[in-house]
Each structure stands twice: as structure tokens, then as C-alpha cells.
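Note that the chains are named A, B and C in the order they appear, and that numbering of residues resets to 1 at the start of each chain.
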Amino acid sequence: MGANTRTDRMLPSQFDDKLIAAIGLTLLAALIPFFVSEYVRTLIQRCLLWIPPIFGVYFIYSLLRQVHFAQSIFIGLGSYIVAFLAGKYFLTSELLILLPLSLLACVVVAYVLGIFIMRRTGFYFAIMGIAVTMVFWSLVYKMRQITGGSDGISDIKNPTLLGIQLSEQGFYYICLLISVGLIVLMYRILHSPFSMQLKAIRGDLQKAESIGIPVHQMRRLAFVVAGANAGLSGVLLAFLYNYVGPTSFAWEFGAQFVQAAIIGGVNYFVGPIVGAFAFVGLEFLVSTWFPNLWEIVIGVTVALVVVTVGEEGVTGIAKNLLGRVFKGANLKERTYSDGK
Amino acid sequence: MLAIENLTVSYGTEIAVKNVSLTVSGEVVCLCGRNGSGKSTLLKAVAGIVGIDSGRILLDGRDVVDLPLHRRLEAGIGYVPEDRKLFSEMTVRENVEVARIGAKAAGREVMDVDQFLPELARFYDRKSKLLSGGQQKMVSIARAIVASPQVLLFDELLEGLAQAMCYKICDAVKGLKAEGKDILCAESSLDKASLYADRVIWLEQGKIVAMGTPDEIKSQMMEHIRKMPADRKLPQGEA
Amino acid sequence: MLSTCLRYVLNSLPVVSYVILLSFSYSFILYICGRVSLTFAGIYLVGAYATVSLGMALMGNNMSFAGFIGILLLACLLGAAMLVASYLCFERFLKTDVHRMVATSSLLVASRGLVKVIWGTTPVTYSAPFLSMGVSEIAGNIVPNYYLFMLAVALLLMLALSYFLNRTCWGMRFRASSLDGERTMAQACGVNQNVVTLMTFAIAGVLAGLAGGLYAPIAGAAYGSEGNALLLAALSVIIGGVGSIGGAVLAAFIVGIARAVAAIKMPVLELAVPFIIASITLMLRPFGLWGKEFRY
């Protein structure tokens, strides 16, 4: 769970430390439902489901240095698949059908969209990302007969797994499983040759293309990986809220994942996880006491984070502080001497 | 007169120019040395593009260190960068015009460029990105001299130019010298420096190691130059 | 047939005019300072709300043309002040394009929040200027005079800016600093970069505020409409090319008319059409129809 992407090869002891921490955190997340109210559990569930789309943003950001505002498309896609199949035109609420189906849909859509919006870098990509979310939003908003327009679709049936109705607790564990599974998968992908190659070509597309690397193909695949993460989350988010509306396509919803990723810190593998909890936590606090100020608070916070620490985010700040408290040199010495 | 006193410039921990002092008055002084010996950095420091750590840069007795980049023109410093850096979408006339506007705003006398670069008149209305390398260099020089600066800084003036163009540009430099300008250049090749320089200063690792006419430096340094590695070795420590 | 076409064109004029102003506000900063800034859409929203509420408060339904111009000027000033403030407080510290995109999109969200706090989320309308100007007839089509007024304001401003950039000393300085990748040579020629940047942000703020103010009497001010504005303006920049006034006008006409046609023929695709046009443009002419090669 907690490894720094910049470390190419894990030293055994370092890996063990982090593995233990990861397993510990997962166990904690698994035990939490027994101790907290239903409201808090839903909140944690939302954090868990936010992690995969944020990982998508993180993936694109850390490897390609691009800002991926279009995650909401895939959340929306997954959610509307659930809304149609398990709600409006009830066919099935079987997770084992809905999850792969949404995955497939997201992969196809991401690949096709990638052809258009992954061609260019920089602000072209970001703007096309925002634009495409707006296009989807307006489509859903205007096809009132099918999608319910701004009212959205509610009354989604409870999810089933192998035909068995899932209890709310059971659904929590499914969310945890998917989320942790995707984190592990992202860890593998980020340490694969594919990611290394992507990182290598991010500087100069034309140069990489001229030495025969299929740049556009690879960038499109990266986009697909990010989208697939979000699509799976979308399915579970629809079940969690029993409601799907066009806002899940809105550009500001897609921007929230970018904001969460930045708050968490894009230089660290744990950044998206920290970011999800920090973002949802902040939103919870602000909307409890000053519901009107939420947008100002998050907007200014993110701008301040970028201005002051750039890509380090909360994780970087925490690491810096911890390093100071525990005397960073000491920690470093221990890990490296153990590794030898 | 340009006087540089104890100038030190560094990029982070890397010291590029160490405690250099030199004066230029009414002559053409050329800085030579290996790649990375601090020639360009020294020029950029005088031009105001890189900040300095310590030292003074005096122009006719006035310290210009604290002047920001856009006010160095007003103080009388003209700079021709290594890779020309023209305003590529603008015509040659407009390129020169930008500097002329700056000169007028700064209250400086505007110089007649054609006097030194008669060639320029041929392509005044062409877009500068369409010009050849030598022509671009000319425009770059024109842009630097239009505000009639006392000090001219030329970075790699003759690099990559054909012989004919070299002579033309050398003529321009000699004409400027005749006007009494202080000219400080950086040139990586001694042979090219000997085409126009009165005095050559040899830099090693940001320090002055030899000074003299081009021929003196050539005879003095040739042995040393042949033996030494082509690039500066990285961690410092070697003097 | 011709008359139908003309009707589409005339109906699209308000959108065309505000997209001209907004897209140039965005591409002006991008071109002169090399900075991506999405805050302009927030300024648009604030400009619209400010115009509506000032108009209602100061004049109500007794419309006076001079008064309306005064209110528009206030909206422009407000826009310029906000954008300059956002530059001074945040944007000048941002070093890379990625940072700029993340931070300015957050500032856009923050300015939405500001609108929410001050005016709430219910759309407000103020159509007195629009109604009081009456209509005229062009080749059998009834067209509100306000549409023509909007277009005239937008085009005149573009002409003025074009004159400023190409014919004046300061315009020369702006162009020099825009064409200089590292922005050192322009400064070596005596251009004060800070002044140019601040003026650029102020001009962009004026354009964005004015776009909101001019469009408000027709469409009202609605929390959430900044998304539409951002989309149309940014896509127009992609279509027209960065930093080109001709491109901004051309692209605004293309986007505006295509959108107007789509809105009547296939309302579902209203926003998809500009996106498709932009995608095709990116494939055929990566730097836009009128654009020069840009360093992205």
C-alpha cells in the first residue's frame, strides 16, 4: 500500500515494513464497520471508492505530467450502467455481471476518446478532457426520456453477489476488496516496464516517436487504465447512494479527483489514498459547519497546496514533519543498513 | 569603461564564475575557455539574466548589479545571446523597433544601425524566423546596439557562421570599437576570437588563468589545451 | 433557404459575441504570458451576476443606455481586479503548466463558490436592456437590436486590441514578450515583464467580465453556466489558434453557428458539436485554423 513510486527496486526490509503497514491498514479498514455508526461507515466507503479514480488521475499525472479532468465520464458511465440494468430497466443487480460490463464499456469508451483527446499534451489535453465531460453531461441531461434528465435515476436494487443479496456490511467488504485490489494492481502497473516507458517518453513525444516507440498507442493505454479504475468505482458508487444523476458527469466532479490527488500528493504512491481521505474528510467537516463555503475552501486549499508544496501534497508535508520529529537521518540509516 | 570586480556566480551548489575581476575600456576583450568554463555565465551576469552571488559590476563607475534585467538597457548594456533568440514571428524591422522603443523610453540616444550592418537593409521586411543563421545574428546585433549602449556583450558571435558572414560581422565589431564601445565577448574557439579580439582572457573553471593578445594566448596555451580533457571534469576540487 | 441560414446566423450572434470576448480573454494570457489560466470562466460568472444585480438595484426597469454602459464598465473593472488579484495572490507563484491548470481550475471552483455565497444558486435575470433596445428587420428576419449591439461591441473591442497590438509601442512590447520563449530577450530590450503580465491579466479580466455582463441580459446569470462558457471559449481557442484575433473571431462564429443549428435540429448534440469540430481541427491543423505554431 505504501511505497514510493520513485524507488525502482524495493529493498527487502523496506518492502516488508510497507507490506506490514499495508496489511495493518487494510485490517483496520475491515474492522472499522464494527465500531462506527452507519453514517461514518458510508463516509469511509465513499473514501474507499474514491481511491481508484484518484489513482487514475495520479497515474496520468505522475507518468505523463498531464491533468486528467475527465475521470467523471467513467464514473458516470459505470453508474448509469447500474442505473439502467439494476434500476430503471431492471435486468440484474449481480455484481459479477455489472462490474465486468462496466469495465468493458469504460475500456472501449476510453480507447475511443483517447484517440481524440490523448493526441495532444498540455492544456489541449486538459481542456479536451473538461470538454468531453461537459458533452457527456449535456447528453445525459437532455435525453430526459431515457436518463431522467436532471432528476436522475433512483430506486436502484440492492446488489447481489452470485445471486445472494448483499447486506450493507457485505457491500462494504466488496468495496474494500475492490479498492484494495485495484491499489495492488496499480502498484504492479506502476512498477511494470510499461510505466517506465511511459515515464521515459513524457518529455518529448516527437523524439520518442522518431525512435519507434508507439507513443500515441501507449498514451491511449494509460488513459484506458485510468478510466477502467474509475468505471469500477462508478458501479459501486451507484449502489452506495441508490441514486445516479447527471452531476456524476459534471466537469467539477471530474475536477474533484484532480483536487484530491493534488491534496494527497502526486509524488507518492500513498498520495491518492491520503488524498481521498483528506478530501472527503475536509468536505465532511466544511459541509457540516459552513455548507455554503465548501467550494471556496476546496478551491483555495488546492491552489495554496500547489503554490506552496507543488506535487508533495499532504503526504509530503507529513513525511517531512515525521522525518524531522524522528530525525530523518536515523530512519534512513536503519532501513539502508538492514537492507544490506 | 566596464569594470568587473570579484564577481562570483553560482547555480545552486555549482560555482560557475569564481572571483573574477577584469576591465574593458574601448577595446574588444574575448573570453575563451572550454565548454562550461563560465564564459557565457559571466556575460549573462553582466547582462542581468543570471543573478550574482557577490562582486560588483561597474559601468563608468556606476554599480549596475541591483538593476533588474529590463533596466540594464537604460544603464547602457547591450546583449547578444548565444542562440540569437529573435522574436521569431516579427519582421526584422519590428525586432529592431522593440529595442528602439525601449531605448527611447529609457531616454537613450538611438543609434543608426545601418551604419554598422549595411546588409540589414536587404531583409528589413522579412519575418525573422525565415532568415539564415548569419542574418539572424545580424538582427540580434542590431537589436542590441540600437540603444547605443556603452558596453556590448556578444555570446559566441561567430559560432556556426560561414566565412563571408564572419568577416562581415567582424567588420561590424571593429566599427563599433571605433565608436569607443567596450566590447566583451565569449568565444569557444581561439581561432575565431583572433579574428576580432584585441585581448583574450582564458577561463578555467570560472577563474582567469591567462590574459594577453590572441597570439600570445595561442602560443602560451596550445600545449595545455591539447593535453586537457575537452570538458570540465565534474566534481570540483581540481584547481 | 438563404433566409433560414441568415436566421441561424442572427440567432447565434449573442453566443458568438460572448465567445469572441471569452476565448480571446483566455488566449491572450496564454499567448502573451505563456500561462494557462482557467479562472476567466469564473470572472465571466461574476461579471454576469454583478451586471444583473447592479442593474436591478440601480435602475430596475427604467432602462437608460448610458447607465447600462456604466454598469458594464463596472463589470469590466471588477473582472480586471479579480483576475489581477488572482495573479498576484496565486498565479505568479505557479511554475509549470500542470500546476497552473490544477490551481486555476481550483480558483475557478472557488469563484463559483464566491458566487454561491453572494448570490445563491438560483438563476437571476435582468432583461431590461435587451427589451428596451427594440428590434429591427434584416432580410425578413426579426432581430433584436441588442444582438447587433453585442456583436458590435465585441468586434470593436477586437479591432481596438488588434490596433493596440500591431500599431502601438506598448503592443510591440506585448508581442515581443509573447514571442520570446524564456522572456529574457524582451526584457533585455527594455520591456518590463511584470508590467506587461499585469496589463495582460487586466485586459483579459476586462474581456471576461464584459462577456458575462453583455450576455447576462439575454441569458441571465446562472450558477453553473461557467462550465458552458469555459467549454465554448476553450474549444474556440483550440479551433481558432492561440493568440490570433482573427482566429478567435472565426472560431467563435463557427462554434456559435454550429451550436445554434444543433440546438434547433438536434438539441441533444448542442455541446457535442463544438467538441467534434475541435477534435477534427486538432487532427487536421494541430495549431488551429488561424494559429501559429505554439510551444505546447
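Throughout what follows, a residue touches a chain if its C-beta (ideal position, glycine included) is under 8 Å from a C-beta of that chain, and two chains touch if they have at least 3 such contacts.
Predicted model only: the values in this text are computed from it and were never measured.
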Chain contact graph, described as a line, ring, star, complete graph or other shape: line
By count of C-beta pairs in contact, the leading pair of chains: A-C
Geometric centre distance via CA averages, chain C-chain B, whole Å: 44
Distance from the mean Cα position of chain B to that of chain A, given in whole angstrom: 53
Centre distance in Å when chain A and chain C are each reduced to the mean of their C-alpha atoms: 33
Residues of chain C defined as touching chain B within the complex: 169, 172-173, 175-176, 179-182, 184-193, 292
Touching residues on chain B, where the partner in the complex is chain C: 47-49, 68-74, 79, 81, 85-90, 94, 97-99, 101-103, 105-106, 143-144, 147
Complex contact set, residues of chain C against chain A: 30, 36, 90, 93-95, 97-99, 101-114, 116-117, 227-228, 230-231, 234-235, 237-238, 267-272, 274-275, 278-279, 282-283, 286, 296
Complex contact set, residues of chain A against chain C: 61, 65-67, 69, 116-117, 119-124, 126-128, 130-132, 134-135, 137-139, 142-143, 250-252, 255, 258-259, 262, 292-304, 306-307, 310
